[in-house]
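Look at the two complexes coming up: chain A is in both, with chain B in one and chain C in the other.
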Partner chain A sequence: MKTSDIRPRRRIDRRTVLKGAVGVAALGTGISGFPAYLKAAGKPIRVGMPTIMSGRVAILGESSVAAAQLQINRVNKAGGIDGRPLELVVRDSRGKPDEAARMTRDLVNNEGCDVILDAEASSASFAVNEVVRDIKKFCIHSNSETSSLTADPKNQVPWVFRSARQGIHDAVGGGLYAARVAKEKGLKRWATVSPDYAYGRANTEEFMEYVKIFAPEVEIIEQTWPKIFQPDYTENVTALLNAQPQAVYSCLWGGDLVAFTDQASLYGLFDQFEAFAVNLGDYPVITAIKSLPAGVHSGSRYHKDIPDTPENEAWYAEFMANSKVLPTNWSWENATAMDFIIAALKATGGDTDAEKMGKATAGMTIDSPFGAGGKLTMRDSDHTLVNYMVGYSKTISKDPYVVDFKQTDWADIYKHEEEWKKRNGYI
Partner chain B sequence: MLEIDALATCLSTPACLVNQTTSGLIIGMLLFLVASGVTLIFGVLHVINFAHGSFYMLGAYFAFTVYQLTGNYFLAAAAGAVGAAIAGIVFERLIISRVYGQNVLMQLLVCYAFILIVDDAVKIVWGAEYLAMGIPAEFRLPPYRIAGGFVPPFYLFLVAMAVIIGLGSLYVVTKTRFGKIVRAAAHNASMVSALGIRVPIYFALLFALGCALAGVAGALAAPVRSLTPGMGLGILVESFIVTVIGGMGSIPGAFLAAIILGLTRSIGSVGFPLFVDGAMFMMMALVLIFRPTGLLGQGTLR
Partner chain C sequence: MTLLREFRRDIAIAVVAFLVLLAIGFGIDSPWPRDFLTSIFAFGLLAMSLNLLIGYTGLVSFGHAAFFAFGGYVFGLLLQWEGFTSALGGASVPLAFVAALIGTALYSLVIGAICVRLTEIYFAFLTLAFQMFLYSVILSWVSLTGGDQGLMGGIPRPPFLGIDLGDAHHRYAACALVFVVCVLIMRIVTESPFGYTLRMIRDNAQRAAFLGVNVTRVKLICFVVAGSIAGVGGVILALFTSGAYPEWAFWAQSGEAIFMIMLGGLNVFVGPLVGAVALRILNDVVQMYTSHTEIVIGLVILFVVLGLRRGLLDFARDWWVDRQQARLAAANREGEER
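Then we have the complex of A and B:
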C-alpha cells in the first residue's frame, strides 16, 4: 500500500468560510448592481407572437410569421441589437381570444419574451391588449383593423401600438374612390354583400357611410350578410340578382371571397354590376380565383407594385425566396411591426423596458418599402400607423392581377378621420 | 326583421321565383349528399360520425389534385369519392370501430381528434393557402334565362348528379344483397356473423359508402368552393340539421329535409334575411319537440 497517495483532508477553518461568504456576497451584489441590459448582454431578445396558425385562415398566420422572421433574419445577419440576436417565439391561438390572452401571458412568464408582436385578428387582439396593458410589456398589434383599438383613448397606454391598417382610413379612401366612380358612371343603386360578424358589418357601414357623404345621391337597396365560412353563397348571389343594383360592395375576405367570386361568376354577376371588393387584392385570394373577373375595383392589400418602387419589388422577391406561402396584407403589417420593434430596440440600446420602448416608438418615422414616399410613421397622438398605401386598383385576369392603382391623399384621410373621431367622442 | 313586402314582390315575380327556387334546390342537393352519408352511417352503425365533414374536405382535395393532373372533372369527382371511401375505411377500421357502442361523448372526442389531425395533414400536403379548382371548361357557359331568372348550367348538372347518386345509394342499401346484409347486421350482428358473414367488413364498406357520399359532394362542389383546411366544419353543421329534421337513418328523410332547408335559405334570404339560420335551427328544435324521430325517421335505416 502506497501511503504517500493518501493526503490528509484539508480542514475548512472559520476564516476560509468567512472569506468565501464575503466573496460570494460581493459577487452577488456586484451582479445585481449591473443594469439589466448589461446582465442580458449576448442573450437573445425574445419576441412573442401569438397568431393563427391552424384552421381556415392559417395562411394569414403563416404569412405573418414568414414576414416577421424575414425582418429578424436581416437584423440578426447584421449583428443583432448591440450583439444580441432577436428570436421569434410563435404560438397558435387558433384565433380564439381566451387562448390568445393565455398564450400572451405564457410567452412572457414562461418563455421569457421581452416584447409582444400581437398578430391576431381583431377579437383576439382586444384580449391581448388587455394583457399587455396589465403586465406592462411593449406590444404592437399588427393585424387588427378595428379603429377603436387605438382611436379610443380608453385603450391607449404608452407602450402599445398598432402597425395594421385602420378601418376608418380604408373607409375614407374607399368612400372617396367609390363616390368618384359612382359620379362618373351614375351608380346610384348600391347593394352590399359582407360577412355577418362585427368586422363585416362595421367595415360595410363605414364604407357606405363615406360613399354617401361624398356622393349623397347613392342609396342602398339591398344588403345580404352571409355567415363567416359559409360554403354556399347562392342565396346571396340571387338576392343581389333580384335587387338589380348598379354597384355592389363587399368586404368578404380569404377563402370566402374566392368561393363567392366563383359562385357569382356562374350567374354572370360581375357582368351586370360594378363591383367593389376591398379584400380582393390579397395574393392568395386573387391567385386562387381561376377566372378572375376583369374590372372589379379592388382595395389595396399587399402588392409588389403598390407602391411601384425597387424597394418593394426587392422585399417581395426576398419574401418569396424565404416563404412557402404567398404574401398577404398581414405580411406587410407584421414586417412593419417588426421594423418598428427593431428600430425601438436600437433606440434604447436593447433595453426592453416597456416605457422606454414606447417613448422611442411614439412618433417614429422609418424607411419602409410599404410607405407612401418610402416612409411610415407611428403617429404619436394615437399610436397608430399612418402614411401606408390606401387606395383602389382594378383587376385584370392575369399577372399582375391589379393595375391602375389610385392612392388616396393622406391629407384627405386625416381631415375626415379627425371629424370621425370628434363624432365618436374620441377627441 | 320580416320583410313581407320584399317576399311578396319576389313570390309574385317570375324571375325572382325562378332564382330563389333553383338556388334552394342547389343548396339543398349538395347538403343532401353530405347528409345522406351521415344518416346512412347512423342508421346502420348507430354511430354519429362527427368527422363526416373531414371526408367532404378530403373528397374536394383529392378531386383538386386529380383535376390538376388530368384536367378531367368527371375523373376528379370519381377520385374524390374513391379517395374519401378509402380514407373512410381506414378511419372506421383503425379508429371509430374501437368506440362502437361507447357513449356519444367518447365518439365525439375521437371524431374531433380525427378532424384536427386531418386538417393539419391537409395543411401539410396541400398547404394552408386557399385553393380553387375553377369551373371546368365544359361548364363555362352563360346562365340559362328562364322567365327572367338565371340558372347556371353547372348547377343543373350538380342537382342532377346529387339526385342520381342519392337514389343510387338508396337502391344499394335497400335492394341489393350488400344492403340486405348490412341492414340485417344492424339489427342483429351476432346472428349475421353466425351465418358466416364477416360483419366487420360489411360495416367498413358501409362506412366507406357514407364517406364516399361526402367525398363526392366535396368533389362535385370543388369548382365553386374554395378549398381550405377546416372547410368541412361549415357543411357538417348544416348536414346535421338536415339529418335531424329528416330523421336519423332515413335517406328519403334527408332528401326531403335538404330541400326544405335549401328553400328556407333561399326564400328566407329575401323574406327574413336576419333570421335564416335562426329559422333553420328553429325548425330543428320544433322537429325534436314534436317528432323526435324526424320527419321520415324511425331510428334505424328504412
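Then we have the complex of A and C:
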C-alpha cells in the first residue's frame, strides 16, 4: 500500500510548532478556566435539584421547586444551619435519564452542590441513583414512586433515601378500599386504562393484584393502554364501552388524565361504572377538568384537608402565597425531602459528608404537616418514607373537590408490604 | 509497518493528544474537565463515526444511535450478569468490551447488509426504522433491559491489570485511550485508499462501479466500521453513567449526532468532534440561565445553517482557503506589475 503520493506531507517547521503551542495553551486555559467562572462562592450549603421544568409535566416540576424553596426560605429566615444559609440550584433534565445523570454531576462539579434533591420522575431517578452512588453525595429521591427504587437491595445506597409515596403502599391502600367498595356494590367485572410505560403497567398490576387478594371474585375483563401524552383517547373509550365493565381503574396522571376524563365524559362513561383514579386528586388536575364527574374514587395526592389539621392548612396557605402554581403531590414530597435534608444537616452540624448525613437520616422521625398524626419517618431498613397519608376520597364537582377521605391503616400496609417483599425476593 | 510509516504524523498527534488529555484530567483538581471530556468522548465517537457515513460516503443515516445504544446495552448487560463476572473475574471488563464491539459489529453487519443497497431517503428511512425497532425491543423486553427505566442497579466493574474503572481517574484515562485509538482508526480509514474510495462513491457511485469498485461491499464495510465505533461510544457512556437507557436508541439521539456534524462541519475530519464540544458547552451554558434550552440551541443552529451555510470548521477552512488564494492572487498581480 503506497499512499504517500495521495497526500503530500508538510514539513513541520518552527512556526507551525509555535502556532500549535499557542492553540494548545488557549484550549487548556479554556477548559481549565471554564469551571472557575462557573463556580460560585463556597459559603452557603448548596442543594442541587434536577427536575422536569419543560414539556407537559413542567407544572409538576414547578410545584416541586416552589415547595422546596418554601422550606429553604423558612430555615434561612431562622438563621440557616449554624449561620450558613441553604441555596437551591435547579436544573431542567426534561425527564431524560442520561440528561438527569449529567445534570446531577454538573450540579456537584460546577455548581458546588453538596446535597442532591432528586426531583425526577421514575426512569431518570434510577439514573440519578447510580450517579450519587458513584460520586458519593447525600441524596433524597422526592418524586419516584416505583417501589423497586428502594425495595430492591441492588438499588440501595447507604446515603440515598426516598421521600415520595411508594407504589406498593398505594396499591395496598387502594386494593383494600376498592375491594370494600366492590363487595358493597357487587363489582365483579373490572377494566383498566393506564399509561403504556413501566410506571403505568407496574402500578396497575399491583393495584389489581391487591383488589383480587382482598376480593377474589373480581375478574379483569379489559385492559387498554394509551400511550403517554396521547392526544386522542377514542379507541380506549370505545374499548371500555364495548367491554361493559362494572368498575374501571386508571393510573393516568397530569394532562393525560385531564384529557382522558374530558373525552370520556363526552361519552357519558362515568355514569356507566364506578371509576377509581389514583392520580385524580392533584389540584392542577382536578381544577383543569372541565366538568369533573362526581363520585369518582380518587387516590390521596395532596389536599389541604388531608390530613385535616391546622398545620396542613397553614402550609397550604403559605404555599399559595409564595407560588405561581397550585400544590401537587410532588409539592409535599419535595417539602418533605427538604425537611429531611435540613434535619440531617442540623444533626451533623452542617457537615455534608454523605455517610454522616446518611447515618443521621436513617430511621429519623420528623414533625410534618403531611404525616399521619403529624409525624413522618424515614424507615431505617429500606430508606423509604412511611406514615404519610394513604387512602381514597370521592370527588364532588366544586371546591374542595374531594370529600369523605378514608385513610388506610399503616399496620395493614406494613403487613402486606412485607409479604410482597418476600414474594419478590427482596428480603 | 507501512501503516506506521504512512501515518506516523497522525500517530504522533494521537499520542500527544492522549498525553494532553491525561494532563487535563490529572492536572486539574476538579472532576469537571474529566466528566465533561468523558461525555465528549462518547458523543464525539457517535458523531465522528456517523460522519464516516454522511461526510465521507454520502449515506445519511438517521438510525446511527441504535449502534451506540446496542454497544452500551451489551456491555452493561454482560457485566450485570453475575455468572459472567464471577466466572471471569478481572477479565470480565475487557471481555465485555470486546463482546460489545464484536456484537455491535455483527448487528451493524446485519442491518447494513439490508440498508446499504438503498440510497438517499430510502436508506435514511430504513436505518430509522431499524433504530425504532431496537428502541421498541428495549422498551418492551422489560425483564432483560428494564424497559423505560434502563439498566438499574449500576454496572459492576471488577478491577483488571491494576485498573479499577470504579475510580474516576482510572475510568477517565481508560476512556481517553479508547477514544484516541478509535479516532486514530477513523483517521486511518479516511486517509487510506479505502477512504478515498468512499469519497469517490459519495461523489459518483456509478463511476466508482465502472472503475471496478464493489460499491455495496465498500459501503457495507464502512457501515460496520462506523457502527462498531458508535458502539464503543455507547460503552464509554455506559461506563460513565453506570447504566444504559432506551433514550440512547431513540431517533432524537441520532438527530443530535446529525446536529453535531452540522454544527462542527462535515468536510473537516474533526468537525463533528468540534460540533459535539460546541453543542455540549452551549447546552451547559444555556442551562445555567434558562430552562428554554431548545429555543436557544435551535436559534444557534439556525444561525449556523442560514448564516454560515456550513459547519464551524468548514467555514473556518473555507475562510482560510479564500485568504490564501487572495494572497496568492495579490502576489501574482504584484509579479505581473513588476
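To be clear about the criterion, the second predicted complex is superposed on the first by the 385 of 427 C-alpha atoms of A that agree within 3 Å, B and C clash if a C-alpha of one lies under 4 Å from a C-alpha of the other, contacts with A are read in each partner's own complex, and residues count from 1 in each chain.
Just so we're on the same page, a contact is a pair of C-beta atoms (placed from the backbone, for glycine too) under 8 Å apart; a residue touches a chain by one contact, two chains touch by 3 or more.
Because the structure is predicted, anything quoted here is derived from the model rather than measured.
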Just checking: does A:N155 make contact with chain B only, chain C only, both, or neither of them? Give me first, second, both or neither. second
For A:G373, decide between first (touching chain B), second (touching chain C), both and neither. neither
Please indicate which partner A:V285 is in contact with in the superposed arrangement: first for chain B, second for chain C, both, or neither. first
Go through the superposed model and pick first if A:P97 touches only chain B, second if only chain C, both, or neither. second
Taking the superposition as given, does A:F229 touch the first partner, chain B, the second, chain C, both, or neither? first
Go through the superposed model and pick first if A:I59 touches only chain B, second if only chain C, both, or neither. first
Contact-wise, after the overlay, does A:G363 reach chain B, chain C, both or neither (first, second, both, neither)? neither
Residues of chain A that sit at the chain B interface in one complex and at the chain C interface in the other, please. 54
Which of the residues in chain C come into contact with chain A in the complex? 2-3, 6, 9, 20, 24, 28, 30-33, 35-37, 39, 139, 142, 146-150, 152-154, 166, 191-193, 196, 237, 241-243, 245, 247-248, 281, 284, 287-288, 291-294
Provide the residue numbers of chain A that touch chain B in the complex, in ascending order. 54-59, 62, 223-225, 227, 229-232, 234-239, 241-242, 254-256, 258-259, 262-263, 265-268, 284-285, 288-291, 324-326
Which stretch or stretches of chain B touch chain A in the complex? 10, 13, 15-16, 19-20, 23-24, 26-27, 30, 116, 119-120, 123, 127-135, 140, 142-143, 149-150, 152, 154-155, 221, 223-231, 233-235, 265-266, 268-270, 273-274, 276-277
For the complex, give me every residue of chain A touching chain C. 1-4, 6-7, 9, 12, 24, 28, 31-32, 34-35, 38, 53-54, 91-92, 96-98, 101-103, 105-106, 108-110, 122-123, 126-127, 129-131, 133-135, 146, 148, 152, 154-155, 197-198
